[in-house]
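Presented sequentially are two complexes of subunit A, the first with subunit B as partner and the second with subunit C.
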Partner chain A sequence: MTALMRLDDVSVRFPVGRRRSVSAVDGVSLDVVAGQTLGLIGESGSGKSTLARAMLGLVPTATGSVSWMGEDVAAMSRQRRRAFTGEVQMVFQDPHSALDPRRRVRQSVREPLDVLGRGARDERDDLARRALADVGLPAHLHDRYPHQLSGGQKQRVNIARALVTRPRLLVCDESVAALDVALQAEILNLLGDLKDEYDLTVVFISHDLGVVGHISDRVAVMYLGKLVETAMADVLLDTPRHPYTEALLSARPDVNETGAGERIILRGDVPSPLAPPTGCRFHPRCLHATPACATDLPVLVPVEDGGASACLRVAELYGPGPVDTSVMGGAR
Partner chain B sequence: MSTTLSKPARKPTRTAPRRSAVIWLSYGILVAVAVVVLLADVLAPHAPNQQDLTSVLLGPSAEHPLGTDDLGRDVLSRLLHGTRVSILAALLAVGIALVVGFPLGILAGYVGGWPDAVLMRLLDTVMAFPALVLAIGITAMLGPDITTAMVAVGVVLTPVVVRLTRAQTMAVAGQTYIEAASSFGARGVRRMILPHVVPNVVQPIVAQVAVLIGFALIAEASLSFLQLGVQPPTASWGTILARSYTFLERAPMSIFVPGAAIALTVFALNIVGEEVQRLLDPRRR
Partner chain C sequence: MSGALLSVDGLDVFFGAHGTQVQALHGVSFDVAPGEVVGLVGESGSGKTVTSLALMGLLDPRTSRVQGEARLRGEPLWSEAGRLRPHAEVPMAMVFQEPMTALDPVFRIGHQLVETLRRRQGLNRRQATARAAELLDQVGIPDPRARLRAYPHELSGGMRQRVVIALALACSPRLLIADEPTTAVDATIQAQLLELIAGLARDEGMGVVFVTHDLGVVAQMCHRMITMYAGRVIESGPVVEVLARPLHPYTSGLLAALPAPRHRGGRLPTIPGAVPAPGTVAEGCVFADRCAHTRSACEVTPDLRPVPDGRSVRCARAEELRLTGSRS
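Then we have the complex of A and B:
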C-alpha cells in the first residue's frame, strides 16, 4: 500500500469580502493509495470538489501540503510540475460545459498533448483518436462538435481527454451526476474497465452513496470541509463509525428492507461555513452530542478494520479502537 | 404533414433556413459599397473636384446623372469618391476602437482584480461624455482634420468595445471548459486566451462591429457637416450634405443622395451584423 498522493493537513480558503475568508476545506489529511479507488462523499458544500481541485493544484492551498509520490507539489520545478499535470487528470461534472463549444471533440482530446508537448506532432491526432476509441466513441463522431453529441457521448469525450496523457491518477468530480441512471451505469462500467486497462488510481467524488459504494475500495466522508470518517467501502456501508455517516446511510433508500432500520432525521441545516460551529462541526445536529463536543476538536482516530473516525465518542458509541495505534497508515 | 408521410424514403436532412430577401439586399448594398470604395476612380464619370461654373445646380441629365452642385461639380462623381473617404474614415475609427478595446476587454474580464477596477473607472469617465460632443471637443482642440476626427470617434467608441468584450469574457472565464483547460496546464495567451477565450468571446463583438461602423459613418457625416471632419474641397458624404444644405430648395437631389447612401449602408450593416452573429454560432455547424 503505497500512497500515490498524500494530502497533509490541507486547507483551502476563499476570500469573502474584506479580511474574511471561508474555509472550504479545513485540515484534511488523506492518502490516495495506488491502484485503489477512493470514494469521496459528502453533501453539497462539504468541500469535496474543492478538495479535488486542491489535488490538481487548481486552487491554492492555504495550509498543508499535497505530495505526489513523496514529492511536495508546491515545491516542484516547472518541468516536474508539467509531468505531474499529465499524471493527474480530472473528469468534470457537467459533460457539456467542460468541452469548448467551438472545437471538434478530437481537437479537444488532442489539446492536452499539445499543451504538455507529449508525443510527436503528427502522432497526436492518432493518440487522440485511440483515446476516443478506448472510451467507446465511434470513429464517425470524432469530428463532431460537442453540441452534436449526447450527454453520455460527451462524458466519454471528457474521459478520453483525461486519459490521453496516460495519467496515473484520475479524479472524477461528480462525473455521472448529470447523467440519467442507465447512462450512469454505463459510464461507471466504462471507468471500471479503463481503470484496469490504463492501470489507474481513481478518486471518485459523489453525493450518491450507491454509486460510491459500487465502485470504491475505500471511502472518505466529508462534512463542512472536514474529513469525518474514512474506511474500506464495505466496512463503512455495514458499520459506520461516525454519527454523520450513520445518518447519511440511514437516508439511503432501500428497496429490499422496507421499514428495517429506523431512519435518522438530522435536525436543522448544514451550518454556514463562514461561521462553523466550535468543537466538532457536526455537534449541533448530532444525536449523540455531549457538552464536550461543543468545545473539543475531534481528530481522526484509528478504529477497527483500518478505518478512522473523527468523533470524540467513537469508543463509547462504536466500541473500542484497535490496540495498536501504529496502524495510522491505513487510517489516514 | 401528409406530404412528409408520403415520401418516407427521403432522409431528413438539416438545411439552413432560407435567407430572406432583406439579408441578400443588405449583402448587395455592402458589396456595392465595397466596389465603389475600390474602384471610385474608374466608376466616376468626372473628376470630383472639377468645377464648371457655367453649369451649377443642374438637375439630373445624361452627362450628370445626379446633377451638379453650386460650383458645377458632378454630384455622382463626388458621391463615389466621398464613399471611399467616408467608409475609410469609419473603418479607421472602428479599427482603433477594436485594436485598443478588444485586448483591454479581454484583460479586464479575464484577469479581474485591480487592473479591471482601474480600467473600468477610467472608461466610465470617457463614457460619461456624450460621444459626439467629446469627438467635437477633441477635434476642436487638435484642429479640424478627418484623421484627428476619426481618431476621436475611435476613442469615443473604445469603451463600448471594452465593456462588451469584458462582459463576454467574464461569462466565458467562468465556464468549466476554461477550468478543464487549466487542469491540463493550459495558461497564458497562446494556450488559453487565443484558443479558448477569444473564439468564444468574439461572436457578439462581430455583430457590434457592424453597428459601430454605422455609428462611425454617421459621426463622420456629423463632424464633416460641422466643418470639423473632412475639409473642402475633398468630398465625403458629410461634406456633400453640408454643402448642399445651403441650396436645399434649388437642388434637393444632392442632399437626398448622400443621405440615402448613409441610411442604406447603416441599415445593411445592422442586418448583416445580426446575420454574421447567427452564422458564427457553433450550434449552427
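Then we have the complex of A and C:
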C-alpha cells in the first residue's frame, strides 16, 4: 500500500467578516492509496468538498500539508505545479454548469491540453476525440454543443475532459448526484471501467451511502470538518464504529427494508461550522454522549479490521481496539 | 372506491398552444385513501410532477389543457368550465422540492404563515400568530415563537423545509401532495422529515401523495406505489408486493440499477436509452425500445390491467416474466 497522496493534519479556513474564520476542514490526516477508490461521505457543511479542493491545491491550507508522491504540493515550483494539475483531475457535480455552453464539447475536452500546452493542435484534437470515445460518446456527438446533449452524455463529456490529461488521481465531487437512477448506474459502471483502463486512483465524494458503498474500497466519514471514522467499505457498512456513521447508515432509506423499522433519528441540525460544539463535534446530536464528550476532544484511534474511529467511547460501545495499532485505514 | 379521499380518473394533460400540442399525461388514474401514503415514482420526464401540479390546479391554462376527472372527498376539483372552487376551500396542499424557492426571501417566515392563516382561515392577527407558532412547534422547530421572526435565509435547509410543511399544514389539509420534499436535504434531516410526514398521515388520517425518484424512500414511507413512465401509469400496487415482485420490467430495472451497500462492486444493471419525448410513441408499448423482454406482443399498445393482490400493470408479458425484485 503506497500512498499516492498524503494529507497531514490539513486544515482549511475561510475568513468570515473581520478577524473571524470558519474551519471548513480541521486537522485531517489521510492517505489516498494508489489504485484504490476512497469514498468521502458527509452531510453538507462536513467539509468533504473543501477537502477535495485542498487535494487539488485549489484552496490554500491553513495548517498541515498535502503531499503528492512524497512531494509537498504547496512547495512545488511553478513548472512542477503545472504538471501536477495534469496528474490530478476533478469531475464536478452538475454536468450542465460545468461545461461552457458556447463551446463544442470537443473544444471543452481539449482545453486542459491547450492550457498545459501539450503537443500540437492536431494531436490534442486526437486525444480529445479518443477520450470522448473512451467515455462512450459516439463520434457524431463530438462536435455538438452542451445543450444538444442529455444529462448523462454531458456527464460523460465532463469525465472525458478530466481524463484527457491522463491523470493518476481522479476526484469525483458528487458526480452522480444530479442523475436519475438508471443514468447513475451507467456512470458508476463507466467510472469502474475507466478506473481499470486508465489505471486510476479515485476519490469519490458523495452524500449517498449506497453509491459510496458500491464504488469504494475504503470510506472516510466526515462531520463538521473532522474525520470521524475510516474503514474498508464492507466493514464500515456492516459494523460502523462511530455513532454518527451508525446513524447515517440507519437513516438511509433502504429499498430492501419496507416499513419504518427501527431507525436512529438524530435530533436537530448539523451545527454551524462557525461555532462548532466543544469537545466532540457530534456530541449535541449523539445518542451516546456523556458529559465528558462535551469537553474532551476525541482523536482517531485504531479499531478492529483496520479502521479508525474518533469517538471517546469507542471501546465501550464497539468493543476494545486491536493489539496492532499501526493500521488505521489510511488515517493517521 | 367510495372510501377514497382522492380519486383521479383518466387524467390527461396537454401542453402547447397554437395547434401544436404534446400530450404529457395519458389517462392517469389512482385513488388515495385517508391516512394512506401513495408513492409516485419515475425518472425525470415520467410525469410525476405534472400530475401533482395538475391536481393542485397550478398548470397555466394558457399553455396547458387538463382533461379527465379528479374528486376530493367525492367533490370534483374541476369541471368543463375550469376549477370549480377557489383554492381556499379545497382541503389540499403541496410541499415543493426546493424550500428556498418556495418561501419568499424578503418576508419573515412568521409573516408568511400569518398571512396565509388570516386570508384562508379568517383568523385575526393575534390568533394567527398563535396558530403559526403552534404549527412550527408541530413540525418540530425548537423555540417557535422566536423563529417566527426569522427570514428564510437564516434557517438551515431542513428548517426551511419544515416551514414549508408548516405552511402546507396551515389550513388543515386532508390531502398533502409532497413533490420530492427531501431531495434537497441531508440524510439525517431527511430521516426526520420522513418521520414527520409519516406521522401526520398516521395520526391525523391525512392522505399523502409522495412524489419521489428514490425507491428507498418509497419502501420506508409508502403503503402503495405507482410507477410512472412517459406520462403513463405502468404499474401500481402495495409497496411490499411491488418491490418484492415487480411485474413491469421498468420497475424491476429501476430496482436493479440501485446501488445497495450490502451488494458491493461489480457492474450495475442499467436501462439503456432514455425516456421518449412526449408525443414520439404512436403505437405499441412505450417502454418497448428500452426493454430487454420485448416480443411481437409488445407492438400492441398495452392497457393498464388489474392483476391479483390489488395490483395493476401495463405490460403484455407481465405473467410470463419472472422479474427480479428487491433483495430483502
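Here, the second predicted complex is superposed on the first by the 322 of 332 C-alpha atoms of A that agree within 3 Å, B and C clash if a C-alpha of one lies under 4 Å from a C-alpha of the other, contacts with A are read in each partner's own complex, and residues count from 1 in each chain.
Criterion: a contact is a pair of C-beta atoms (placed from the backbone, for glycine too) under 8 Å apart; a residue touches a chain by one contact, two chains touch by 3 or more.
These figures come from a predicted structure and were not determined experimentally.
**Student:** Sharing subunit A, do subunit B and subunit C clash or fit in the superposition?
**Tutor:** On the shared subunit A, the partners fit.
**Student:** With the two structures laid over each other on chain A, which partner does A:Asp180 touch: subunit B (first), subunit C (second), both, or neither?
**Tutor:** Touch status of A:Asp180: second partner only.
**Student:** Regarding the shared-chain residue A:Asp126, is it in contact with subunit B (first), subunit C (second), both, or neither?
**Tutor:** In the superposition, A:Asp126 touches no partner, neither subunit B nor subunit C.
**Student:** In the overlay, work out which of subunit B or subunit C sits against more residues of subunit A.
**Tutor:** Answer, by number of touched residues of subunit A: C.
**Student:** Regarding the shared-chain residue A:Glu316, is it in contact with subunit B (first), subunit C (second), both, or neither?
**Tutor:** Neither: A:Glu316 stays clear of subunit B and subunit C.
**Student:** For A:Asp199, decide between first (touching subunit B), second (touching subunit C), both and neither.
**Tutor:** Neither subunit B nor subunit C is touched by A:Asp199.
**Student:** Quick one: classify A:Val211 as touching subunit B (first), subunit C (second), both or neither.
**Tutor:** second
**Student:** If you stack the two complexes on chain A, which partner ends up touching A:Asp9: first (subunit B), second (subunit C), both, or neither?
**Tutor:** After superposition on chain A, A:Asp9 lies in contact with neither partner.
**Student:** State whether A:Leu56 touches subunit B only (first), subunit C only (second), both chains, or neither.
**Tutor:** The answer is first: A:Leu56 touches subunit B but not subunit C.
**Student:** Please provide the least distance in Å between a C-alpha atom of subunit B and a C-alpha atom of subunit C in the combined superposition.
**Tutor:** Nearest C-alpha atoms of the two chains are 5 Å apart.
**Student:** Provide the residue numbers of subunit C that touch subunit A in the complex, in ascending order.
**Tutor:** Going through subunit C, the ones touching subunit A are 43-44, 142, 156-159, 186-192, 194-195, 198, 213-221, 239-240, 243, 253-255, 257-265, 267-271, 274, 326-328.
**Student:** Going by the contact rule at the top, pick out the subunit B residues touching subunit A in the complex.
**Tutor:** Against subunit A, subunit B makes touches at 175-177, 179-186, 191, 195-196, 199-200, 282-283, 285.
**Student:** Sort out for me which residues of subunit A touch subunit B in the complex.
**Tutor:** Per the touch definition, subunit A meets subunit B at residues 56, 58, 82, 85-86, 89-90, 92-94, 97-103, 111-112, 115-116, 145, 147, 158, 161, 165.
**Student:** Please give the residue numbers of subunit A that touch subunit C in the complex, ascending.
**Tutor:** Per the stated touch rule, the residues are 43-44, 150, 152, 180-182, 184-186, 188-189, 192, 207, 209-211, 213-215, 233-234, 237-238, 247-261, 263, 265-266, 268-270, 285.
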